[in-house]
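Below are two complexes that have chain A in common, paired first with chain B and then with chain C.
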Partner chain A sequence: MMDSRTIKEKAFLITIFILTLLGVTPVFYVLASVFYKGIEAFARRGLGILIKINGGILPALVGSFVLSILSTIIGVVLAFVAGLFVAEFPNSWVSKATRVASRSLLEVPTVLLGMLVYIILVVPTGHFSLLAGALALALVMLPYVMVHVEQALESVPQLYKEAGYSIGMSRAQVLFGVSVGIAKRGIASGVLMGFAKAMGETAPLLFTIGAARSSLPCSILSPGDAVPLMIFQYAQMPQEYYHDLAWAGSLVLVIAFLVVFFVVRRLVKEVRY
Partner chain B sequence: MKGDKLLYYSLLPFAAVVIAAFILLFAVISYTSAPAIKEYGWRLFTSSAWSPSETGPKSSKYGLLAPLYGTLVSSIIAVILALPVTISTVLVIEEYAPPQTRDLIGSLIEIMAGLPTIVYGLWGLEVLAPILKVHVYSPLHQLLGFIPLFSCRPFSGYNILTAGILLAIMVLPYMVAVARDAYRSIPMTYKEAALAIGANRYEYAKIMMGMIKPGLIASALLGFGRAAGETVAVALVIGNVPLISSCLFKPGYTISSLIANQFSMAPLYPYMMNVLFTGGLILLIIGVAANSVAVIMISRSRLR
Partner chain C sequence: MDHAIIVEKLNVWIRGNHVLKDIDLKVPQGSVTAIMGPSGSGKSTLLRSINRLVELVPGTRVKGKVMVFGRDIYSEDPYRVRKDVTMVSQTPNPFPHMSIYDNVAIGPKIHKLVKSKKELDKLVRWALEKAMLWDEVKDRLHEPPTVLSGGQQQRLCLARALALKPKILMLDEPTANIDPVNSKKIEEAIKALVRDEGITVIFVTHTPAQAVRVSDFIAFIYNGRIVEYGPSRELALNPTHELTEKFLRGEIG
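Let's turn to the complex of A and B:
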């Protein structure tokens, strides 16, 4: 006979294993659905929807591409230098305030960043634009990249920096020549994570890019479309055809995310000091 | 030293931009919501009426109560569902799983955290909600219909409970990350002490969870904040009806899904934009408050 203590322990173990399994099941289910329905959509509508403008997803693909590049440039420059500052001068009050601001931005609902850009850029210029969307996305990725940059720089051993100082390098030389060099993989993975984040966000684009999907954007100042926004709006349409396009878009988005994820994985795994 | 100052001042502007962005966010959202609060006052938060009119502010009615209710209820459901799973996952990863399984679960959770939210939304709309309706909600209503929570007939899968379940899935990886950090901060000596007094695995886990209680509270708060701010995924599954009901099978609305759905029409109606920004202000306050308390909890949970 088992005593009540042992029974309790067994019941507890079974419960937590079941709950853990339950917790990770959705990710398989979501991925399986996206691959199944996405491939089905491509099979039904043809691969041509990738390069079709009207009734295809080309404008969204182009828009997403432009948006992720542009927002990465804006966001990464800002996050990289701000991250350098915070890691290099951790005791300055500006650093402390910057840290608080970036941690808070991390928890701010992303839809609010779209609303901010709507007021400061879309309303004054009078029209939606890819640039406005990129600015909103840059604000979304900023805190993510900053955290990665800070952590990567903080993990650089003091010994290496001292070696730099001992041969007469200035603080700036040590920072850019030694620390950034050693931390570059960590920084690169942060940049890629930010890129992935910007690529998949929908809410900041609702009020900034204008969902122009009947033509290709001619410049970054003209309205455009993005894959996540297209999925959101097509999912609410009654026609089967648009649902297929939404699943096809999801498949593209998920594959792009998985590629970035595994690249980051490799980068991080090889970081050994 | 001179070079130090130069470096300091050349990097400083970028850090200042980050601070400015956050202050600007607060300022713009508060400033834009002020006219609505002035015009409608407390009625904004105590009524659920939503009938915009082009003619003027007097003839239109705006109330954020139902969306506020929906935001709170769906986020609370998400945290209640996700917390036990969070605790189990942390224990399994940190204590019981062999290294390879541990890495696998860790990777899966990271993929879960990184998947675009719109993908969860589409999946919730087309896969999860229909399944829940047929296999969970209908049986639940038939068996436990006497409980007010399940008393109404589930006409579709698009309701507050579905939003809560989808949000639970989406916030789980964040909650696991926070709780896992807290768990790792438990010093080895405490763990050994618990084992030395003969605790079995259940008692051991109970003691450990007691030690990281502030970390678990932080995890729940951050999960709640995330859930409250989630926009597009919720907008696709909650049904988007401004309704307050004790029954979880009724459709609802959340502040963020209200913003997502109404923003495009807002410029046509006087004050509607301002009302939506008031909703945004509420979200901002919820987000910052949840984050601040969580940060305090995390600093308190540092055992080392």
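Let's turn to the complex of A and C:
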């Protein structure tokens, strides 16, 4: 015999289970179709499209690779410094202004960030470049990473900071040796979130990198391509061939991201206390 | 007699709240002083004024003088003061992101007290032995402190403080929330440190029996004032002040 409490508990669990299933189904559906269509595309067109420049996806891959590194360097450095500052001096007016600015930056449509960079970098230099794209992506990344860095640092219990001070650590030593050390997992997941967000973005690239798809970029100052931008534009073409390239690009993007994600999660362990 | 610590007319306000009032205290070198008093009377704040930890709380004002070995600590570099007058806080707080070894090694490292890895190993071992923890952790020095019990963590914090080779050690209720076996070990550790290393100790305790067992002097503090101060046994057996007597009988606190 089940009493009414057990029945209620069961019903509750089943409801949660069904809702969870509803929530994750689209995610798995998307992942599954990327894998299915991507593998199909490679089967049809051969792995050679990975390293082909014309009619292949190499320029987009190279561009995305460069963009990811460059924008992560710019964005994470800025966000880390800003996040540290805001967490460390929460009451200064600079922090208050930075907080407001970063929260608003979260809401700005990313295409506007691309246009901003277009005005401040592309127009003055006279040409599109990967650097301009990276800057736009860094702006996308910045508020996410900053908020996470800030929250991760704020969640470090005062107890441990005080332990640092009570053995004569300086403020900087407490910040970098204690707070950052304890919050490293939170900081790393913030960086990952920002990275993922930026790597999937198309809009900031529309006005910045120039979609140079028929050659490889020779420096960060030359125009280039990126996988999301290529997908966006190829998906609109009538030819089946370009659709396949778009699917192949999606697959590579997803795999690359999963690899980065798991490696970082493995490297940066949770600090328990 | 030489004094390790001289506190003169110390007043502390925390956010407008007058927490310590005209505190005068002289702590002889190589002695053990127990601070007793009801909850909220200002015991922790007194310790934290002697290593300048109080000023980390925004809105704190300190007036008066604290001399440590003849130096006025409020006109010195606070980081240096905290290295020389180390404190073990009320709740065990070993750094969770560092190994047991690194928790002890971090102090000597940042203050450049050692020149080689070998010297550091020796110092870490010495500190862990003095904290009566070595035997329990020697085979797992590279594990995180979370594998230790609360009492062991408290002794790890003691070792972390000792690794700085302090002349003065302050402990804030080192045996609160800790079982009798661990308490005994901490008491033994304090006694040995005073006997073998000549360290001057101030500690907060709620247990009169412990104060008598471990300390030479007791300061009884009530509502931010030192009400009575004297040799432990005398003060515990024949308190002169009514409040002290009540406290010792367990009627206040």
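Basically, the second predicted complex is superposed on the first by the 235 of 273 C-alpha atoms of A that agree within 3 Å, B and C clash if a C-alpha of one lies under 4 Å from a C-alpha of the other, contacts with A are read in each partner's own complex, and residues count from 1 in each chain.
What we mean here is this: a residue touches a chain if its C-beta (ideal position, glycine included) is under 8 Å from a C-beta of that chain, and two chains touch if they have at least 3 such contacts.
None of the values given here were measured: they were computed from a predicted structure.
Participant: Quick one: on chain A, after the overlay, do chain B and chain C clash, or do they fit? Just give me the call.
Facilitator: Overlaying the two structures gives chain B and chain C room side by side.
Participant: Of the two partner chains, chain B (first) and chain C (second), which one does A:13 touch, if any: first, second, both, or neither?
Facilitator: It touches chain B, and chain C stays clear.
Participant: Should A:236 be classified as contacting the first partner (chain B), the second (chain C), both, or neither?
Facilitator: After superposition on chain A, A:236 lies in contact with chain B alone.
Participant: Chain A residues in contact: does chain B have more, or chain C?
Facilitator: B
Participant: First (chain B), second (chain C), both or neither: which does A:163 touch?
Facilitator: In the superposition, A:163 touches chain C alone.
Participant: Between chain B and chain C, whom does A:95 touch in the aligned arrangement: first, second, both, or neither?
Facilitator: Touch partner of A:95: chain B, not chain C.
Participant: In the overlaid three-chain picture, which partner chain does A:178 touch, first (chain B) or second (chain C), both, or neither?
Facilitator: second
Participant: Pick out the closest CA atoms of chain B and chain C after fitting on chain A and give their distance in Å.
Facilitator: Once the two complexes are overlaid, chain B and chain C approach no closer than 9 Å between C-alpha atoms.
Participant: Considering each complex separately, which residues of chain A are in contact with chain B in the first and with chain C in the second?
Facilitator: On chain A, the overlap between the chain B and chain C contacts is residues 170.
Participant: Under the definition above, what is the set of chain A residues touching chain B in their complex?
Facilitator: Touching chain B: residues 5-6, 8-9, 12-13, 15-17, 19-20, 22-24, 26-27, 29-31, 33-34, 37, 77-78, 81-82, 84-86, 88-89, 92, 94-95, 97-98, 101-113, 115-116, 119-120, 139, 142, 146, 170-172, 175, 193, 196-197, 199-203, 206-207, 228, 231-232, 235-236, 243, 246-247, 250, 253-254, 257-258, 261, 265 of chain A.
Participant: Write out the stretch or stretches of chain C touching chain A in their complex.
Facilitator: Contacts found on chain C: 51, 53, 56, 79-84, 86-89, 91, 93-98, 106-107, 110-111, 144, 146, 157, 160-161, 164.
Participant: Considering the complex alone, what residue numbers of chain B touch chain A?
Facilitator: 3-4, 6-8, 11-12, 14-19, 21-25, 28-29, 32, 84-89, 91-92, 96, 105, 107-112, 114-123, 125-127, 169, 172, 176, 200-203, 205, 222, 225-226, 228-232, 235-236, 256, 259-260, 263-264, 276-277, 280, 283-284, 287-288, 290-291, 295
Participant: Flag every residue of chain A that touches chain C in the complex, lowest number first.
Facilitator: Per the touch definition, chain A meets chain C at residues 159-160, 162-170, 173, 177-178, 181-182, 184, 271-273.
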